[in-house]
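Think of it as A, B, C, D, E and F in the order they're written, each chain with its own count starting at 1.
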Amino acid sequence: MKLIIAIIKPFKLEEVKEALAEAGIEGMTVTEVKGFGRQKGHTEIYRGSEYTVDFLPKVKIEVAVADEVAGTAVDTIVKAAKTGKIGDGKVFVLPLEEVVRIRTDERGESAV
Amino acid sequence: MKLIIAIIKPFKLEEVKEALAEAGIEGMTVTEVKGFGRQKGHTEIYRGSEYTVDFLPKVKIEVAVADEVAGTAVDTIVKAAKTGKIGDGKVFVLPLEEVVRIRTDERGESAV
Amino acid sequence: MKLIIAIIKPFKLEEVKEALAEAGIEGMTVTEVKGFGRQKGHTEIYRGSEYTVDFLPKVKIEVAVADEVAGTAVDTIVKAAKTGKIGDGKVFVLPLEEVVRIRTDERGESAV
Amino acid sequence: MLLSFFFALFCPLWAQGESAAAAPAAPVALTPTVEQRLASLEAYLANTDPTAALKNAQGKIPPGLSTPGAGVAGPGHNAWMMVSAVLVLFMTLPGLALFYGGLVRAKNVLSIMGWCLGITSLVTVLWWAVGYSLVFGRSFDSPYLGGSEHFFLKGVGGAPNPNYSFWVSHNVFAMFQLMFAIITPAVIVGAVVERMKFSAVLAFTALWVLVVYCPLAHMVWGSNGWMNGLANPAASIKAIDFAGGLVVEMASGWSALVLCLVLGPRLGFGKTPMPPHSLVLCMVGTGLLWVGWYGFNAGSAVAADGIAGSAFMATTIAAAVAAGTWAALEFLVRGKASVLGFCSGAVAGLVAITPACGFVDASAAVWVGLAGGALPFFACTKLKGWLGYDDALDVFGVHGVGGTIGMLLTGVFADVAINGNLATNLSGAVGRTLWIEQLKGMGVAFILAVGGTLAIALTLRATMGLRPTIEAEQEGLDLTDHGEHGYIYDSSNI
Amino acid sequence: MLLSFFFALFCPLWAQGESAAAAPAAPVALTPTVEQRLASLEAYLANTDPTAALKNAQGKIPPGLSTPGAGVAGPGHNAWMMVSAVLVLFMTLPGLALFYGGLVRAKNVLSIMGWCLGITSLVTVLWWAVGYSLVFGRSFDSPYLGGSEHFFLKGVGGAPNPNYSFWVSHNVFAMFQLMFAIITPAVIVGAVVERMKFSAVLAFTALWVLVVYCPLAHMVWGSNGWMNGLANPAASIKAIDFAGGLVVEMASGWSALVLCLVLGPRLGFGKTPMPPHSLVLCMVGTGLLWVGWYGFNAGSAVAADGIAGSAFMATTIAAAVAAGTWAALEFLVRGKASVLGFCSGAVAGLVAITPACGFVDASAAVWVGLAGGALPFFACTKLKGWLGYDDALDVFGVHGVGGTIGMLLTGVFADVAINGNLATNLSGAVGRTLWIEQLKGMGVAFILAVGGTLAIALTLRATMGLRPTIEAEQEGLDLTDHGEHGYIYDSSNI
Amino acid sequence: MLLSFFFALFCPLWAQGESAAAAPAAPVALTPTVEQRLASLEAYLANTDPTAALKNAQGKIPPGLSTPGAGVAGPGHNAWMMVSAVLVLFMTLPGLALFYGGLVRAKNVLSIMGWCLGITSLVTVLWWAVGYSLVFGRSFDSPYLGGSEHFFLKGVGGAPNPNYSFWVSHNVFAMFQLMFAIITPAVIVGAVVERMKFSAVLAFTALWVLVVYCPLAHMVWGSNGWMNGLANPAASIKAIDFAGGLVVEMASGWSALVLCLVLGPRLGFGKTPMPPHSLVLCMVGTGLLWVGWYGFNAGSAVAADGIAGSAFMATTIAAAVAAGTWAALEFLVRGKASVLGFCSGAVAGLVAITPACGFVDASAAVWVGLAGGALPFFACTKLKGWLGYDDALDVFGVHGVGGTIGMLLTGVFADVAINGNLATNLSGAVGRTLWIEQLKGMGVAFILAVGGTLAIALTLRATMGLRPTIEAEQEGLDLTDHGEHGYIYDSSNI
């Protein structure tokens, strides 16, 4: 199994969610994060004090999937999240050794 | 070593923390997240506009443990977090290659 | 590739970011988290009710790096985040199987 | 519930026509003398009866004799009373809503705000329909309840009602008093936040206002009230209560205790921590309450006179002293003075000075502030822990205890030099046995509040039920009762 | 834009010197009689003309005859009007800023707050320069627009201007009216939040105030206004509007509809959810609006008299009834009464009672509250959905619909028993054909608001542009227009 | 600290008995004439001495002669002054608490709110005990400090104190002035937020009020004050200060500069960004300050007369112009007008108009607004950067600079046509040399503020210490000084 972690632009969340759902992937966990990368931030000035904001709001999606679905999932995310502009984000794929569904104690792919 | 990631219902956090402590696992990192899965959300209406909320508040726990403790940790979490109702969450186990304790530069299992 | 996850004290974020930048690592994702460990919390009292706060504010940094940079990255983080006092946090290194840059579809190390 | 609300709204509208009933033919107008005209103007400054100089040797005003200055609203007094009514409304919307809203968990913040709004709406309709008349009418000729002559606010116009004020428009007086009837149940429900159904809150409010508030307010403030020692020479209990120590504070505090006992504690009470989600909101609410309380207290002079000024001064001092006292005690007991401590103390001091404010001098206000800070502190931080009831926002500790001690101290500190009206009906008692009368009044208020609330709460529990489901309580009443969230800060909400 | 703002500031300062122009030599002073002096003091209580008793058989005041009580501000009335002006400012800063600010998404909260501040600043300067004079001056001798004699607030001093009040300082009256001119455009822009450029908001405001507000306010409230049925015996349209049903509510509501149609919907409207980021702020804003509305409504008596009292009572009742009505309808339609529903209903009720408040009794206020809750509810929850325009904060639904229904009901319920002034110029119409006059007035206001707004909005769209870039709208106007964030709660901000 | 607080509370209570001391036997009452009675009623409207007409040829009032209208509070004036006192308290609780609270980082929001509460509590007790008397007493017969006759507010009752007002209750006046004594130190501590111990803030406040505020306020406003050019014909420095340009604004601004220099900058100042955690709160606080400032400024007429009206108008205009000016300068300098800019400008304009408001006309207020927006803008955005001091919330830039420029412009623009009282003692100076007198007064205020603050701050630093530990500062003062958190939004808090 794989744990797919995607960092995307916040306003793409809804589209990515729907795209994954269409691809049959119904579960995910979402976190508000701030990203730092090539996309430039901006400068805010409060009275005289400048304050460079180079952390930008992003959304992190975590999706656990069976190995065979991983490729589709990644492609789906990439497609739905792309705007072509800098700051679109990244997808990371990590090996996942075990999954347990708490409610039922199911383990492995059926728990995803 | 393993990195255990558990998504649980927020009000179960205290119980899971205590259960892990009893099992001798004292360190963890907690994040506020939103989950999307089989558990249904609800509809909110603001004046005329409907707004379907299908992301539900969850809490993510990350615990790094030595390999031999991993099983106990997972079981402990599952047991403490279970309500038996849909939306109880998932536990993911990932391989963890290295751990460093920043304060002491300790590495490996002693750093957990 | 590796995914480095570091839990640090919030006020060290700026320093860690700069240290990584000097080491040539320019991308990262940051999350507000709460940590539980050896560092003790405190007790808050609201009128008559005591309330023990043992979750302390921490910041989680996630950095994806090529394998050969991982060591430097970890050392850089550890060095910049260290205060020597309890609660400095941890660094975790996880194997990372794939990285995709959403904007360009680049994969692998070039996408980091 | 909502149906009966509408029923209350609609059915009485038929009655409307009557208000246009023909007045009896006016007698031939007599010309007042210059002296009489001067006297009625001077009465405006002194807040006295503008028709006093019109009375003949038999104490009667000859038919047809009036002055241009009689029977009209006095601008300065009217202005102050409109301001005061606004200030007391401000205490509820949004003062109390913020003070209470900040102290609950984020999932219940809208719930208490909705309660404040719903109570405001409901009590206003009740007040219009029957409430005002039941308290301040006289047609029942009873020391226990007013009358029906002002149902639907009939006859409540721009001219003063001399039973209550020579110079304030009757409609302004009625609205000023409405604001008291709104805030009292709104204070009560602070004890049961996070675990009472919205429908039950509304039902409780409607019954409580009719069963407890209206009789009690009539007894204490009605011109022929049973316990109105100040203005009613025939009062059986010669108690005094300037701005609502009995009617608002004790009534709400003791009712809150009973209600929270009937309801039972919140899920997880004593096990799960339930810290305030925003002391910032709570502090803002405290400021608004303090500010609004001047309308409550100085406004209770029903005039912009020197007595209002005394009430203003006593209110300021007691609030400040009690805030400092609570914080200082916290500092002594656990080494830190908290912001919640300052806020709690300020409110407790305001509560304690409420019955006393127009009767006492600045130094007495210091004592009331000390007691009003210290005893509620003790009640909230110790007593509640020992007894284990879940009075979520300490309504009993602050309002019940503070109001009780304030009423008693009013009996001790009331001073004819500050308020000359004390000499009219009470000259013998002031400074001597007044505190005994206060105790009697407190006993009546206690019995009415506890008995009435118990009856209402048990009835509702047996019929419609008081509590939401366990799931609803866990999820938070914002979502389950109102279908909303207090805050949506997500960056993906874009 | 900002340059012209400065231009407006600087150039007129030359004119200042003129205000010191020498007064004509005063005639020899005559001594008033005791009777005359008494009458002018009594006029203070009754809010009537203090010089009435000075007039000779020809209705003229002999030169040099005055009383100490004539030509000075009456303290009680002046106090109330200063309070009222403060309350109406409070409605905008921070009342409306909170009410609206809570309803937008977090990325636009400062934007609407900045609009409120910018509008306040800009309209004040306009009012000083020309606005007040264009509305309340008389030198143009026109029923459609005032005059130029008070440009730069020349001659607006501490003494009353008897065209508008016998007892309120002219400068206080001018500031009271300024607060209305501020809040009206601030209400409008609620329809176009999250997607209009700050510079365009300021330009729109300046033009709208001059083109729509000033003429309309003169017609309705100017002492020689075209539609001032209450005070101008020569009015062509004998409409009445106590506190701004036409001038503020209908004008803003219909203008908002036009503006949001010209502007087009927000990006993603109808697809992306755009829930309010903080109903807590919205509820607090509602409380402040309600509280401030007493200055708006009871203050529109321009005196602390019994009519103010009646307006106070009607305002309270209509707000409470409408809040309950909206919430009750929500409960019927979808099973839950929301806090936003209570808030929307309260505001809608306040809107609807605005034109009526000083003319109607308590029971009429109940009817206005019912209609003012129900019809806006329908407009916001159904009509808007059917028609699909993006009136973001329901300015049309609440103010346009509420103001329209309120104006009409004013014609139905206005009652000489409540406001004796109705008998002066309208005795024949009240209770009979007054509603037809109201309809005429509403037609004029509708045409002026819709036509004026359309012209202004299209002009601005064609020249400076109304909307920010798509990226700016996506990122949020806080950052792109003001370079700030509303909230920075990060723990790393330490 | 807290012990001495209590000491202050308790020990003086012994003195209480004295207040009941027997009055001398009253002389036989004489009957006033109709003329005299009329004159004293007319004096109410004109805010003049009601006993003027009672004086005989020698200028003395025959013993036993009075009128019913003399010696009582005038309702309209009293109403306005109670409102004004409420408004000024509102500026601190919660106005300033929000304005400042929004500008600090989230970990220190309760700290500044607690400071505001603690200062309110402490200064009230001091004012009751000695403060009021030291400023407005006369028993020391000194131009530099008042007297002891009103310690513990003895003799401060409902009747007016004709030294300060013919028509406002003495106790209302005392409370109005208390609110000024509260807000002044509360303004100062904005410079040192996030890095001063709570105990040190309280100690500083107590000493500063006694050492700097009381003498300065007596000199400027005391009826026999050294620099009271308006009312004291014997004043050595004939300065004028309508509402506190010297006493509040310059005193707080310059003291703040000294205090923040003694304290040193915050940890990480200049390196770590420290953006405001909630401009939303800051904007709300701005609204409350603006609204409350009408009590401050128009209230300083100590009457609801035409002068109050002029102050009202000037205040409105200056605030609006300065808000626009600051924002416009931001737009010119960096392309965006910020909400913080509007807020800062509004406050700076209010500061600048404070000493001038009751003396100047509308167009002068425009000039004051322009200067009051521009110079503080420069001070906050440029000067501070160049000099590098850490005045965290720009108290010096806004209040020090704004107050200084306002005092000077008051000397330039003061106009006898606006305020006739200027003719009494200053007729020669107004419009000519008044600005020189202003400069003298400013010099004295500067020396007293800087010298006094330096002495107090150095003493406290050497004894109890001013700063928290480094860890405490890093962790935030909310937790370390008060044991609380401002916000707990966690979903696990359920």
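Here is the rule we use: contacts are C-beta pairs under 8 Å (C-beta built on N, C-alpha and C of every residue); 3 or more make two chains touch, one makes a residue touch a chain.
Being a predicted model, the structure only gives us computed values, none of them experimental.
A.B. asks: Could you name all chains that are in contact with chain D and with chain F at the same time?
C.D. replies: Touches both chain D and chain F: A, B, C, E.
A.B. asks: Spell out the chains that contact chain B while also contacting chain D.
C.D. replies: Under the touch definition, chain B and chain D have A, C, E, F as mutual neighbours.
A.B. asks: Could you classify the chain B-chain C contact as same or different, where same means more than half of all interface residue numbers appear on both copies?
C.D. replies: Counting shared over all numbers used gives less than one half: different.
A.B. asks: What is the distance in Å between the mean C-alpha positions of chain C and chain D?
C.D. replies: Averaging C-alpha atoms per chain gives centres 54 Å apart.
A.B. asks: Quick one: report the Å distance separating chain D from chain E, using the average Cα coordinate of each chain.
C.D. replies: Chain D and chain E have C-alpha centres separated by 32 Å.
A.B. asks: Using mean CA coordinates as chain centres, what's the chain A-chain E distance in Å?
C.D. replies: The answer is 49 Å.
A.B. asks: Do you know which chain F residues sit against two or more other chains?
C.D. replies: In chain F, residues 34, 38, 41, 44, 74-77, 79-80, 83, 272-276, 334, 338, 340, 474, 483-485, 487, 490, 494 touch at least two other chains, as defined above.
A.B. asks: Please list all residues of chain B that touch 2 or more other chains.
C.D. replies: 11, 14, 30-32, 34, 44-46, 58, 94-95
A.B. asks: With chains as vertices and touches as edges, which is it: line, ring, star, complete or other?
C.D. replies: complete
A.B. asks: Considering the complex alone, what residue numbers of chain B touch chain A?
C.D. replies: Checking each residue of chain B against chain A gives 2, 5-8, 31-38, 55, 58, 60, 74, 77-78, 81-95.
A.B. asks: In their complex, what parts of chain A are in touch with chain B?
C.D. replies: Its residues touching chain B are 3, 17, 26-31, 62, 64, 94-103, 105, 111-112.
A.B. asks: In their shared complex, at which residues does chain F touch chain A?
C.D. replies: 103, 273-276, 334, 338, 340, 344, 380-382, 384-385, 394, 397
A.B. asks: Touching chain F in the complex: which residues of chain C?
C.D. replies: Answer in residue numbers: 11, 14, 34, 42-46.
A.B. asks: For the complex, give me every residue of chain D touching chain B.
C.D. replies: Chain D reaches chain B through residues 272, 474, 479, 483-485, 490.
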